[in-house]
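Alright, structures below, take your time with them.
Two complexes come next, and they have one chain in common, chain A, joined by chain B in the first and chain C in the second.
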Partner chain A sequence: MSYYNEMFEGDQVRDPYARLREWVDTMPDDFRQMKQAEAEALFRRIGITFAVYGEGGDPDRLIPFDMMPRVFEQAEWRKLERGIKQRARALNAFLRDVYGRGEIVRAGRIPARLVYQNEAYEKSVVGFVPPRGIYSHIIGIDLVRTAKDEFYVLEDNCRTPSGVSYMLENREIMMRMFPQLFRKNRIEPVDQYPDLLRRTLESVAPAKCEGRPTCVILTPGHYNSAYYEHSFLANLMGVELVEGQDLFVDGDFCYMRTTTGPRKVDVIYRRIDDPYLDPLCFRPDSMLGIPGLMNVYRSGGVSICSAPGAGVADDKAIYTFVPEMIRFYLGEQPILNNVQTWTLWKDDDYRYVMENLGDLVVKEVHGSGGYGMLVGPKSTKEEIEMFRHKIKANPSNYIAQPTLALSTCPTFVEEGIAPRHVDLRPYCLCGDRIELVPGGLTRVALRDGSLVVNSSQGGGVKDTWVLSE
Partner chain B sequence: MKLRISHETTYRYGRPIRNLVQSLRLTPSVFEGQKVHEWQIDVTDGIRGPGFRDGAGDWIEGWNVRGPVDQVTVRVQGRIDTRDMAGVLRGHREVVHPLTYMTHTDFTQPDDALRDLANSVNGTSDNLDLAHRLSLQISDSIAFQNGVTANNTTAAEALALGAGVCQDHTHALIALARIRHLPARYVSGYLHSTIDGEPHDAAHAWAEIHVEGLGWVGFDAANKCCPDERYVRLGSGLDASDAAPIRGVAMGSGAEDMAVAVQVEELAQ
Partner chain C sequence: MLSRTAANLFWMGRHLERAETAARLLDVGQRITLLPNTEEGYQNEWNSLLQASGTSELFTGKYGEISQENIEEFIFFDRENPSSVVNCIEKAREAGRIVRTALTSQVWDALNVTYQDLRKIENTPRSRLDTASLTDFTTSHTSTVRGAINATQLRNDGWHFMNLGYGLERADATARLLDVKYFVLLPRIEFVGSGLDTYQWQVILRSLSAHRSYHWAYGGDITAGQVADFLILNGESPRSLITSLYEVVWHLEGLARRYGDAVSAEARDKGRDVMEQLQARDIDMIFDEGLHEFLSWFIQELGTISTLVHQDYLLGGA
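== the complex of A and B ==
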């Protein structure tokens, strides 16, 4: 399999990478090692050591930072941006629809079972339309590139995508260590993200809110692997970081306890899952939630971001229908490709996948973090046979996709620089406007030949540049 | 029937509690079989919070009691006219898709015995007939008996015991229906009197099964019948916990003791 190298076109270094090439070529070895150590020390000092959500592993482990940036030209980015915004609009339209009349199901475009029997579908919010009809306010869309003009969406994250603090920190640290690089290259900023996020949250305050909305971030607490990110964002946005016990319901509204008395809360950016939001509506045994919150929400007293039930849009089975959503709700052709996906609960798909296991990537429907998946071409015969047994035991738990030829980016390795496979997660904000900062989080598979970028599987992160015109 | 209903639930706490928050599903459903004339909910020392109709058509009210109190009473009083609709929930406005009620919960999780019982009914291609026969299976397999089950008993456990109360019959029937691919849900409400004329002095529960073309149809396996004018419907859910008329959480709750008094009287014409 051949891979698209984002730095080269034939033997020629592509324009966006020209200055970086020069920078690398003139960099003395000991300088590089010194800087790498400096970067690590900086990350440790800031305390950014959390694992990307759902990946497990040691929460205090540092995710390796690669100093070689990944670069997009303005034109490349513009196309990605349009594709991502289009997808974000379609996903929110889908959520509005399936919690309302369900036109897409009535039209026979998506099987009813996949929507209404989905474990992320929330019966309790059917018929309630959140402010501006927005359900997913921060959408993380995982993309890979396979050719100069070919991008594929691997998955959509409509609930509480994490990792944006890496995007911000990677840039911060690069600017601190290599200010001259930022003078020589005209790079679009990303540090407006916290302001945009706050603006987005404020724009979806409930109608009952008067004056400037009070926003908070609701965290499960410091044992959570993404706690650092929660406090980091709260800090940068200038809003309170709260846990369930800091909030309470009284009358028609939700309040937070402060040293100067109760203060009404208008918008909750929650980083806890639906079942733990409110023991009066969901799990009665939840200690994390706020009793009565869902009644306040459903009567328009407080906004919750993302909306409870938003997860039905980012399920791996629903994923296959996103291009259909774009055509159905927007009347447009999808700008970004979906990866062809075989669903193993269909007989034809099952047969095909079982015959071609060695060429495919097989994933669990509800899995994440690169665990429980098979990368056919990178696996031994034994591993493939073992996986075959797992699939046979429960076919409906799996989907399969072709092994994508993920693009590579130059990356610092022991011997200098070498190509390593990368993906990209931009963060799209949806409120009164739909916007995203230029760039996102680039994850890189640091092991030679590896296609798995997850940090739990030896992945690292890079600063992601979008060059100005 | 013209019915007068009085329903009092009193919670007593070993130690005073603060910040009690409740979610009440205690207002009769709106459909052709019911017409409410007067209905009042009150919580002692309570603050009435948000009230709204949810997607399943239920009226939900939030209440909270700041406390400290060592006793809270939820009092419901009202008058309602009921009509016999042969169990059919006609004219009920709801937007939840029936398939949403195919999801099993801990209460209805099937075991082999429930599956065998569900699949023992055959020879019918009519879903209404199937629903009736599933309900009969439960009536015959679970005897009505107080005190043998608790409020956390599952459908599988009740069937194994062969005895239980209306909550158990309802969970078991829901399990059977879902096994046979019929959407089913838990309904909470009141019952004026059993078929032999005995007054029913407790809250009641039954199942609704969705039959294509007809909509939701009620089945009371505990009383071997379909709901008629003796029944008052409050709300529904996936199981007893989801459909509970009262859900509440308080801060610092010590031991909790609950007393319920229900009266459903027929008014003179």
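== the complex of A and C ==
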């Protein structure tokens, strides 16, 4: 398989990387090692660490940071931006629809079963329309590139996509370590993200809110692997970072416990999952949630971002219908491609997948983080056969996709610089406006030949540049 | 400010102060082991110091004998000892991590570096560490954090809560050390006025890092009355009860002013009240009343102030 190299075309350096070439070529080895150590010390010092679920070892593990930036030209980015915003609009239209009349199901474009029997479909909010009809306020769209103008969406994250703190910190650290690079290249800034996020949240304040809305970030607590990100965002946005125990419901509103007594909360950017939000409505054993919150939400006393139930738009079975949503709700042609997907509960698809398991990527419908997936071409015969048994046991739990020829970016490795596979997650904000900062999180598979970029599977991160005109 | 945030800042301050107290104890403990252990009194002295932090039984049960290694292990490293330096710094750092948004980056940085360096020390073979370096490590890092707080934190409610933690913990530690001295040792009346007694007072002064400052303040010999005066009523002594309480009241006043009449300020009122009662005494009155009785009263009042801080600010009025 041949891969699109984002920096080189044969021996030729592509335009966006022209200036970086010189930087790399003239960098002495010892300088690079010194800077790499400096970067690591900075990350550790700031406390940006990542705990991996279910793994022992260092609880303060760092996600490896690669100093070689990934670069997009303005024109490339503009196309991506249009495609991402289009997708975000369609996903929110879909959510508004399926919690309302369900036109897309009535029209026969999406099977009712996939929507209404979906685990993430939240019956308790049927008929309630959140402010501005927005359900998913922060959408992380995972993209891969296979050619100059070919981008594929791998998945949409409509609930609580994480990683944006890396986008911001990677940039901070690059600017601190290599200011001259930023003087030579004209790079679009990303540091407005926290302000845009706060404005987005304020724009979806509930009807009953008077005056400037009070926003908070709701975290499961400091044991969560993304806690750093929660506190980082709260800090930059100038809002309180609360836990469930800090909030309580009294009458029609939700309050936080402060040193000066109760204070009303208008918008909750929650980083906990639906089942834990309210023990009266969902899991009664949840210690993280706020009893009575859903009643306040449904009566317009507080906004919850993303809205409970938003997850129905981003599971891997619904994913295959996103292009259909774009045509159905927006009357437009999709700008970004979906990856061809075989759904194993269909007989034809099942047969095809079982015959071609060695060439495909198979994922669990509800899985995430790179766990429980099979990358056919990178697996041994035994691994493939083991996975075949798992699929047979429960076909509807899986989807399959062709193995994409993920583009590569030059990456600093032991021996110098070498191509490694990358993906991209930009963060789209939906409120009174739809906003996208020019950049995102580039994840890189640091192992030679690996196609799995997840940080839980040994992936690293890069700063992502969009050049201005 | 969130009540939980305030509570974490409060406990961050308390644990940092407690770590410092532990480091001083380490210094004193090490000094004790350097003396010829002919007198049962030295053993007693060590126990009494541990009793001040309420960990005497734990030490005896686990280690038995006093040796430099045991003292180091227990006071610095032992996770079963709630007042060990490792425990206190980890708790302070954990509290800081939870409320990072309320800390300046310099304060967080200082706290986090302390924690990272602590882990390095934990992974160093014990044979390559000496007691002095452990004590220095603790005092220099906690001072850096303290300095970062003073230099960079906004003088807002969070700052008050942190300093309340520091102040209450310090007042409490000094009072307990003094109390142990008299409660445990005074019954052995034959020691009073003996060389041993003087030595024990010196130990108390050292354990509060007040050995030199005492001489600056009083000159001459160490006497029970003067040491007690220095540690209870001397407003120049940085760890005396009156100085610590003064700071506590000052921060409570700050909170009450900031929050206005809508928020109850019972802790402030109580603080003022205790301060007045303390100021009304001189050292002779305290000895007449009985040092132990006086200290028990004071420790109890500190507890009340702490409870009232909780009631006034940390419950969130729900």
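We take it that the second predicted complex is superposed on the first by the 460 of 469 C-alpha atoms of A that agree within 3 Å, B and C clash if a C-alpha of one lies under 4 Å from a C-alpha of the other, contacts with A are read in each partner's own complex, and residues count from 1 in each chain.
To be clear about the criterion, contacts are C-beta pairs under 8 Å (C-beta built on N, C-alpha and C of every residue); 3 or more make two chains touch, one makes a residue touch a chain.
It should be emphasised that the depicted structure is a prediction, and the values quoted were computed from it without experimental measurement.
Student: Mind checking chain B and chain C on superposed chain A, clash or fit?
Tutor: Result for chain B and chain C: fit.
Student: When the two structures are overlaid on chain A, which partner does A:26 contact: first (chain B), second (chain C), both, or neither?
Tutor: Neither partner.
Student: So in the superposed three-chain picture, is A:123 touching just chain B, just chain C, both, or none of them (first/second/both/neither)?
Tutor: first
Student: Based on the superposed arrangement, let me know which partner A:333 touches: chain B (first), chain C (second), both, or neither?
Tutor: Touch partners of A:333: none, neither chain B nor chain C.
Student: In the superposed arrangement, does chain B or chain C reach more residues of chain A?
Tutor: B
Student: With the two complexes superposed on chain A, say which partner A:255 touches: chain B (first), chain C (second), both, or neither.
Tutor: second
Student: For A:241 in the superposed arrangement: first (chain B), second (chain C), both or neither?
Tutor: Touch partner of A:241: chain C, not chain B.
Student: In the overlaid three-chain picture, which partner chain does A:44 touch, first (chain B) or second (chain C), both, or neither?
Tutor: Only chain C; A:44 stays clear of chain B.
Student: By the touch definition at the top of the document, which applies to A:279: first (chain B), second (chain C), both, or neither?
Tutor: So A:279 only meets chain B here.
Student: Is A:102 touching anything from chain B or chain C once the two structures are fitted on A? First, second, both or neither.
Tutor: Only chain B is touched by A:102; chain C is not.
Student: Please indicate which partner A:180 is in contact with in the superposed arrangement: first for chain B, second for chain C, both, or neither.
Tutor: In the superposition, A:180 contacts neither chain B nor chain C.
Student: Quote the smallest CA-to-CA distance from chain B to chain C in the superposed model, rounded to whole Å.
Tutor: Nearest C-alpha pair, chain B versus chain C: 7 Å apart.
Student: Can you give me the overlap between the chain B contact set and the chain C contact set on chain A?
Tutor: In the superposed arrangement, which is not itself an observed complex, chain A uses residues 248, 250 for both chain B and chain C.
Student: Per the contact definition, I'd like the list of chain A residues that touch chain B in the complex.
Tutor: Against chain B, the touching part of chain A is residues 99-102, 105, 112-113, 115-117, 119, 121, 123-128, 248-252, 279-281, 284, 291-292, 294-296, 298-299, 301.
Student: Write out the stretch or stretches of chain C touching chain A in their complex.
Tutor: 1-6, 94, 97-98, 100-101, 105, 108-109, 112-113, 116, 157, 161, 255, 259, 262-263, 313-318
Student: Help me check something: in the complex, which residues belonging to chain B touch chain A?
Tutor: Against chain A, the touching part of chain B is residues 19, 21-23, 47-52, 54-56, 60-62, 64, 66, 95-100, 102-103, 238, 241, 247-249.
Student: Once bound in the complex, which stretches of chain A touch chain C?
Tutor: Those in contact with chain C are residues 44-47, 221-222, 227, 231-232, 234-235, 240-243, 245-246, 248, 250, 255-262.
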